[in-house]
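In what follows, chain A forms one complex with chain B and a second complex with chain C.
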Partner chain A sequence: MQNSISFFTGFGINDLWFLGEAALKTLWISVLSISVGTLLGTFFGWVLHEGKLAATLTIAPVLDVFRSVPLIIQLVLFYNFAPIIGLNFDPFLSGVVILTFYTASLVANVARGGIEAVPQSMRRASRSLGMSYWQDLFHVVLPIGGRAVFPAWIGVVLGVMKDSALVSVLGYVELLKASQVLITRTQEPLLILAIAGAFYFALSYPISRYANKFEQRWSK
Partner chain B sequence: MFDYNFHWRPVLKTLPDLIQAGLTTLEVAVLSMVIGIILGLGLALIRMHMKGPLRWFTVAWIEMARNTPALFQLFFFGFGLGAIGINLTPYTIILAGLSFNCAGYLAENFRGGFQAVPDTQLKAARCLGMNAWQAYTRIVIPQVFKVIYHPITNQMVWAVLMSSLGMLIGFRELSGETQFFASRTFRIFEYFAVTAVLYYVIVKIILAVSRLLAMRLFRY
Partner chain C sequence: MIQVRDLHKHFGDLHVLKGINLDVNKGEVLSVIGSSGSGKSTLLYCLNSLEQIQQGSVHVDGIDVHAKSTGVNTLRQKLGMVFQQWNSFPHLTVLENVALSPRIVKGKSKEEAIAMAEKQLKHVGLGDKFKHYPNSLSGGQQQRLAIARALAMEPEYMLFDEATSALDPEKVGEVLDTMRLLAEEGMTMICVTHEMGFAKEVSDRVAYFHNGIMEEIGPPEQLFGSPQSEHTRKFLANVR
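Right after this comes the complex of A and B.
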């Protein structure tokens, strides 16, 4: 004889799958925006290094805005701005666009630092040996500068992966949103938040560990 | 394509409220930075000098703070602690969450700062007849401070940007206030655009003050 009806069901094995799937979505949106953003950011970094005055007047302030405004505001702003100019983006696409530019703005500084980390004399030497400008850029600057700023880049990657949790504001069901959905249903916030936290930790910690190892090997 | 009418008047009318909320944002950020610096210093010192459970605790804290999203940490302080009967107000949630996060990040910065000052400096100071307290406050700390000044400024900017997450836990700082007004008037884009500008201004002010202070502190 049951007197009251329970609206909440307990946490089951299916929910773990649900969270795992959501973790994959977090991974997917991060990988997509980080890879495109890194390419874009590297290009911006190169432009910032090469075109001193022109770049400082054009793209530098724009990139600065992406770094100085909270990501959550950027996301809401873009999500509400896109329909105004006639673009119908779903939450995922809006999230990817903003995260990409956000990554690019962070990577641009990193990339410029990398290019400037290569001594001028080394670049002159490579040019003197008959390398073209592009050969110099890809065979000398990229390997040496890349190593110098690798830790900084990893920092950006981890930061963006964690910040991708904010896309949940737009309604994209990634890890954090999924945990919210489950909390609403099961009313067991502590357990579910612990699991979601463990997923984030499992995504982020190995990368930072691996990067540390790389850094130590290179610094020898 | 472009049939949207911008209405800026409601935003302008509530601009004083927004600026007031901006001050709240600043207040939360500064407070959490002060708490974060104190806690972070403690965490760094314990992590460097102690062994046993206390050290594991600090390592767990630092890794949790650095490897999970800030929003997740806020949810933890909000829903997670709520589940075991500790109900915090939105203000305390955001303060606790930001302090937790800042302490974790700053602890690593402090650790780097302490490691950047060679041991021999301390030994030399002691040889010159200073006691431990004098050696630390006059020789080690000033040098550490110089190394970590820039990271602290960065963290301060991050604290301001992260405080925007208050919007999601119902705290009426700049973002929360914006959300409130935006949902009342349906002028979402206009409100968030103005808020973005306000955040930009706040960040620029912080950076300018930090630069002025640096000029005053590090001239010799």
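Right after this comes the complex of A and C.
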């Protein structure tokens, strides 16, 4: 009888735990990038709307680059070349930085659309009541425009959450990377990818359901 | 008192107001009539600085509206404005629509703002709609909501910019009735309007605008009865 070392072991309950933890990491990296990216993107959208020439000449092209270059290329470039200018970020932080700017570039145009969705006459009406520019922006434009582009923003959120899988190329062990690790060990790609897919679904579905509820409430 | 002196307004090459001189006294109701593009709505926008002017001056109670040192947000509280489009805030209930600016602009407490909103909504006959959202109201009701919203800032003057033009014909009456009510209560009003009946019955004076010039101003009997200017005569002959 010859003793053999088993390299490949089956999928166990511990692995499910491992995937669950990785899903939390996906959630965490997404929540961070989406929230900061949304704030940043809203600000950029406002700048684009106000159309100050200098801002449009500087911000708009940069946003276009982030929107047009595939995320995976941005991640690899940033992770490998940022150290040259002294930014030694680990894979997680590199991922957050790039995903944040990527989100911001998408949200900027959504936010501009939201501001433009509020009719000029509405803004004149609020100004005629004595509201300042900022009061009009926060009490009238933000809630009305925000609702108008909420579905588009949810689209961005779900997209970025799934795109966060690409951070795995930097070696950060989020959901997709964790699945790859397990596939290598168990040689059961079908099962594990199905489970990983289910985790992604479990993260995304509640968001779109919840968003639907909001939209329904607003449309009343 | 509103004093307009030699007011000129350009939109690019377009000379919209060509030297307007006008005094509106406290308690007076002035109707402004004229064909579209005659500059009458633009005049209203210049009164509360929603439009900048190129020459001349506007004084409201002695305050130079277009002076750099004038705080327009404070000044606009004196001048309530109602637009052709009612522009109700769709995300707020009827009550919140009216209570918003007293709270955030005047800094009233929530209770005070709500009390003011309730009072003004009852005033315009929307006492039973507090919890409704604007999209469940008719055009006429939304326009009355807009009037209540302006009144909640306790303005001394009310500016109406074709307040009934966008309404279905059967809703015009209820809005005119509300405006008539305000006039009877002594509110100073400037009404840009196409409603000749209203102008005739309610106004103390009527002004006729033609191509950026105030052709004629006078009591309704005079302007409608024996118009002095040829343009006024033609206009009135066409609208009758």
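FYI, the second predicted complex is superposed on the first by the 213 of 220 C-alpha atoms of A that agree within 3 Å, B and C clash if a C-alpha of one lies under 4 Å from a C-alpha of the other, contacts with A are read in each partner's own complex, and residues count from 1 in each chain.
Operating definition for what follows: contacts are C-beta pairs under 8 Å (C-beta built on N, C-alpha and C of every residue); 3 or more make two chains touch, one makes a residue touch a chain.
Remember, predicted model here, so these are calculated numbers, not experimental data.
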Field: Clash or fit (per the criteria above) of chain B with chain C on chain A
entry: fit
Message: Is A:L176 touching anything from chain B or chain C once the two structures are fitted on A? First, second, both or neither.
response: first
- request: For A:S204, select first, second, both or neither according to whether it touches chain B, chain C, the two together, or no partner.
  value: first
- request: Write the angle, vertex at the C-alpha centre of chain A, between the C-alpha centres of chain B and chain C, to the nearest 10 degrees.
  value: 100
Message: Under the stated touch criterion, which partner chain does A:I84 make contact with: chain B (first), chain C (second), both, or neither?
response: first
Task: Decide which partner touches more residues of chain A, taking chain B and chain C as the two options.
output: B
- prompt: What is the contact status of A:S68 with respect to chain B (first) and chain C (second): first, second, both, or neither?
  reply: first
Task: Please indicate which partner A:Q135 is in contact with in the superposed arrangement: first for chain B, second for chain C, both, or neither.
output: second
Query: Should A:P189 be classified as contacting the first partner (chain B), the second (chain C), both, or neither?
result: first
Message: In the overlaid three-chain picture, which partner chain does A:V76 touch, first (chain B) or second (chain C), both, or neither?
response: first
- request: Figure out whether A:L166 sits in contact with chain B (first) or chain C (second), or with both, or with neither.
  value: first
- prompt: Does the superposition put A:A125 against chain B (first), chain C (second), both, or neither?
  reply: second
Query: Which value, in Å, gives the least CA distance between chain B and chain C in the superposed three-chain arrangement?
result: 22
Statement: In the complex, chain C touches chain A at residues 48, 50, 73-74, 76-77, 79-81, 83, 85, 87, 89-91, 100-101, 104-106, 133, 146, 149-150, 153
Task: Would you pull the chain A residues touching chain B in the complex into a rising list?
output: 65, 68-74, 76-77, 80-81, 84-86, 158, 162-163, 165-166, 168-169, 176, 179-180, 183, 188-190, 193-194, 196-197, 200-201, 204-205, 208
Task: Spell out the residues on chain B that touch chain A in their complex, using ranges where they run on.
output: 1-2, 4, 63-64, 66-72, 75-76, 79-80, 82-84, 157, 161-162, 164-165, 167-168, 175, 178, 188-189, 192-193, 195-196, 199-200, 203-204
Field: Complex interface listing, chain A residues touching chain C
entry: 119, 121-122, 124-132, 135, 139-140, 143-144, 147, 218, 220
